[in-house]
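Two complexes are shown next, each including subunit A; its partner changes from subunit B in the first to subunit C in the second.
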Partner chain A sequence: MACIVNVEGLTKSYKNQSVLNQLNWKIEQGDVVGLLGKNGAGKSTLLKSMLNINDIESGTISIFGEQYNQLSTASKSRIGYVPQENDEISWLSVNDLINFRKQFYCTWSDEKVTELVSRWEIDLTKKISELSPGQIQRVLIILALAPMPELLIFDEPAASLDPAGRRDFLKEILALVSDESITVIFSTHITSDLERIANKVAILDKGQICYFNDLDVTKENVVQLTVHYQPEQNITIPYLLRGKKFSQGQQGIVSQLDQAWLTKMKQQAVEVTINPMGLEDIFLELTA
Partner chain B sequence: MEQFIISPSSGIPIYKQLYSQIERMVLNGYFSVDQRLPSVRQVANDLNVNPMTVSKAYGLLEERGYLTRLRGKGMVVTARDNEVLQQEKFTMLDEMIKELLAQAKHMGISGHKVAQMISDNIASNQDKPEGKE
Partner chain C sequence: MKTILLHGWLVKVFIVLLWAIAIAMRLTMTDDTREDLLLTIIAFSNFLLYLMVATRLPLLTHSKMAVLLPNYSQKLKGVLLLIFGVSLLPTLLVLPDVLTWLAFVSISILSTLVFVAMIYQPIYQIFIWLLILMPLPMALLDIPFNKEKLFYSLAWLLPLITWLAYGLLNKLVNYRGNQRHVSKIIAVTNVSMGKTLAVQDSIPFADRTRLAQWWANSHFNHYRNIISNATGASQKISNRKLIEISCQSANSFGVNAYVVWTVGITLLCLLGISIDESYHHFFTPMVTLIPAMIIGTGSITLFQIIHSKKSYLARLAILPRFKQHNSFASAFLGYVFSNQIMLYCFIAVLLGLTARVFGHISVTIYINLVLILLVYCFLTISIMLVAWRTVRDLGNLVVWLMLIGFIGTIVFTMHMASTDMPLLILNELFQTLLVTSLLLIAASSYQYLRSFSKR
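Now for the complex of A and B:
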């Protein structure tokens, strides 16, 4: 698969506060990537840097194989972005805003706009400033989807949506990604949304993408283990993040399930119980 | 329309949840031979999950011989030897028994005691009409 986004050595700080530090990240075509990170980890900064909305200090970023700050108009029109905060002109009516934005694109689906506007019950005559945060978010999503982009970047897309709105938004994204050439990157705090739609999970921590892997592989590997053995046996669990011993063994969380070690334990008749963990727990463990 | 049940926040990957559900539904006859399964798109849309996840489960079921991909028809339940099917059922039950015995062992209960409890259960079930074989 073609590499859609390639970030190398990205460094960025605000005043003296380092946010991104020598960050590397490579995203391939067709990936649906969920980006997790604590508050203030720099998720928005990273996404904005990729889109050249932020200045960066050093590093190289390429999108569709072009340098991020010299993207051709054609490449720009292939990107859809939904910011965390509304940065649209707030005194325009929804209708005027849609028509204004439409002019910049050579591909624009009026059908998609009409369909979403009616499904999400958006009043086209209202000014942006008169809408609720949830309605604004929906308008921003419509604006991002209308040009039929190939790369979609969402910064906390579901933050202001109620559960029904979120579900509907997920459906929309799922319908999009059934076309496997479309790449989606979205940051979120809602791990259950990520679990439904993403095939990959990335964790931003301490200025770097400290974890990036297939979601299924993650759930099969980052697990809690209970190892039952006799006190005289000396067992070391590989890739242990944290653990505690008890009289009959040890319990702990590993960042990777070592198959060779599991086989060895089986041969030694040491019983290992594997308890899978949900993504929220996995995220907390990996960033502890 | 068959509705599968998934729990996205579980530690078990969604494709695996779907896989074991369909495996069971085939083994217990809920899905009969040659029955057509809902399309990947349909399941993904009903469950609000990524279609890739559903494909992965279907692919694995095909690989293990439960489903057959038919051109233009999608996935159907494979017609299989009764003997093979029986073997699959035993394998599944065997795994459940192993788990049961491991749990018993942690509680300090012997395998013999578990076997006895199973016999007792069978005996008491025989009094009830639904226990008839």
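Now for the complex of A and C:
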């Protein structure tokens, strides 16, 4: 698969406080990446830096093989972005805003706009300032989807949506990503959304992508283990993130399940129970 | 993009009207006696257009999407060139005087550069003050003003000015700097007329300039002290003071504003006393502008801030502190009246002081002006009270009415100064207006009190 986004050594700080520190990240075509991180971890900063919305201190970023700050018109046409906070001109009507955006794209799909506007019941005559946060979010999503982009970047897209709106939005993204050429990166706090559509999960912590893997692999590997053994046995759990011992064993969470170690335990007749974890717990453990 | 840059029908109508007047003047002009007036009308209309476009421009250059939308800067450049091209059409009325026309084009380009520069970098507002004060150093240094020579130079400088402007335009369409200041401009241009000043409070404190932070802090410190000193029952904050504290914003015209304006005017007057009287008329535009600026910041800001805090004040009104009948409404009215009366008294004193030093207005005109300001004060308070009382959002309408009334006041004052009008208080029409304004303020205050007693 072709590399769509390549970030190397990205560093960014605000008022001498480091936010991104020598961050490396590579996203391939067809990836649907959910970006998780604590509040203030720098998710929005990372996405904005990738798109040249924020200035960076050092590092290289390439999108579609081009320098992020020298993207050609063709490459820009292939990107859709939904920001976390609304930056649109508040006194424009939805219709005016759509027409304004349409001017820039030759791949603009009026059908897509019409379909989403009617499905999400958006009043085209209303000004942006008259819409609720959820409706604004929907308009921003429409604006990002209408040019039929190949790279979609969403910064907390579902934060202001109600459950029905979120489900509808996720359905739309699922339909989109069925086309394997489309790449999606989205930051979120809602791990259930991520589990529903992402095929990869990235965790941003301490200014770096501390974890980036397939979602299925993540769920298989990051598990809770309970090992029952006699006190005289000295057993060390590999890739242990956090654990506690009790009188007849140990319980802990591992970042990777070592199959060889499991086989060894079986041979030693040590009972090992594997408890799968939800993504939310995984995230909490990996960033603890 | 054109729609965004040219948003606002009132200014557009005004510009087109001025263009139409210019065309009519040109068609009926038989000699060159009115040429200067024609030039002034065209220049004024174009300056308005450039100012309108310049204030809207940050919405496009500093939009987050600007870096992402394909061909954005090229399209923006095209639209700006188109608007500038259209603005040059009325200047063709100057023809067949090619030299004047070329000079006019140079002036138009230079003015766009200044307007855009001062929107993005406030330091360039100094150009406007320099322009206002330019005649003074010219007179002091005995430099004769020669319009023909100036126009001749500007006409020949046109290629250089065009080259410079084109280079700057290429920079402008990709410019993303001075985020702090531009975010303030965007906040103001992104809202309707009724919220332009109040919205500045939504700019995060850390994003403001050091001067703005200091200004806000020094303003709020005064009220923090009042709160922290009100410990015992004897120092209990009065209802009116409580409402005053609740109605403060970073842009309120407070103690520090009074101090700064007083110091500024005193320095100006000291300068006026120290120089020869023959130079005093050079200060007339400045001393005329200052009261206008104070009314703008002191009166319109008060309205916008209270209007934006309507729901907050409504919550305040239902607190046990205001359980007595009409205690909130009467305290609120007390605050508004005292605030505005103090402001207009301050302006009257300033006007008197500057008139005494610079002699730009006679005693009769001064008294007339104070009377006009009194009527303006009564009328504006009346419409403010109506807007604060009604459920419907009348914010835009009130600010427009205040502005129109304000411009009307200035125009009338200019007319009054040029015609040496006698005392207005003796004029029957003015007496009627004064009585009407008094009745209006009484009626609107009564309605305001009644609206609270119904709750």
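Criterion: the second predicted complex is superposed on the first by the 288 of 288 C-alpha atoms of A that agree within 3 Å, B and C clash if a C-alpha of one lies under 4 Å from a C-alpha of the other, contacts with A are read in each partner's own complex, and residues count from 1 in each chain.
Here, contacts are C-beta pairs under 8 Å (C-beta built on N, C-alpha and C of every residue); 3 or more make two chains touch, one makes a residue touch a chain.
All values reported here derive from a predicted model rather than from experimental measurement.
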Quick one: is A:Leu174 in contact with subunit B, with subunit C, with both, or with neither? Answer first, second, both or neither. first
Quick one: classify A:Ser58 as touching subunit B (first), subunit C (second), both or neither. neither
Taking the superposition on A as described, I'd like to know which of subunit B and subunit C A:Ser77 touches: first, second, both or neither. second
Based on the superposed arrangement, let me know which partner A:Gln233 touches: subunit B (first), subunit C (second), both, or neither? neither
Name the chain, either subunit B or subunit C, that contacts more residues of subunit A. B
Spell out the part of subunit A that touches subunit C in their complex, as residue ranges. 48, 51-53, 73-74, 76-77, 79, 81, 83, 87-92, 96, 100-101, 103-105, 129
For the complex, which residues does subunit A have touching subunit B? 32, 167, 170-171, 174-175, 177-178, 180, 191-192, 195-199, 215-216, 219-220, 223, 228, 271, 273, 275-282
So in the complex, the part of subunit C that touches subunit A is made up of which residues? 1, 3-4, 7, 59, 63-65, 67-72, 75, 190-192
For the complex, which residues does subunit B have touching subunit A? 8-16, 41, 44-45, 48-53, 56, 102, 105-106
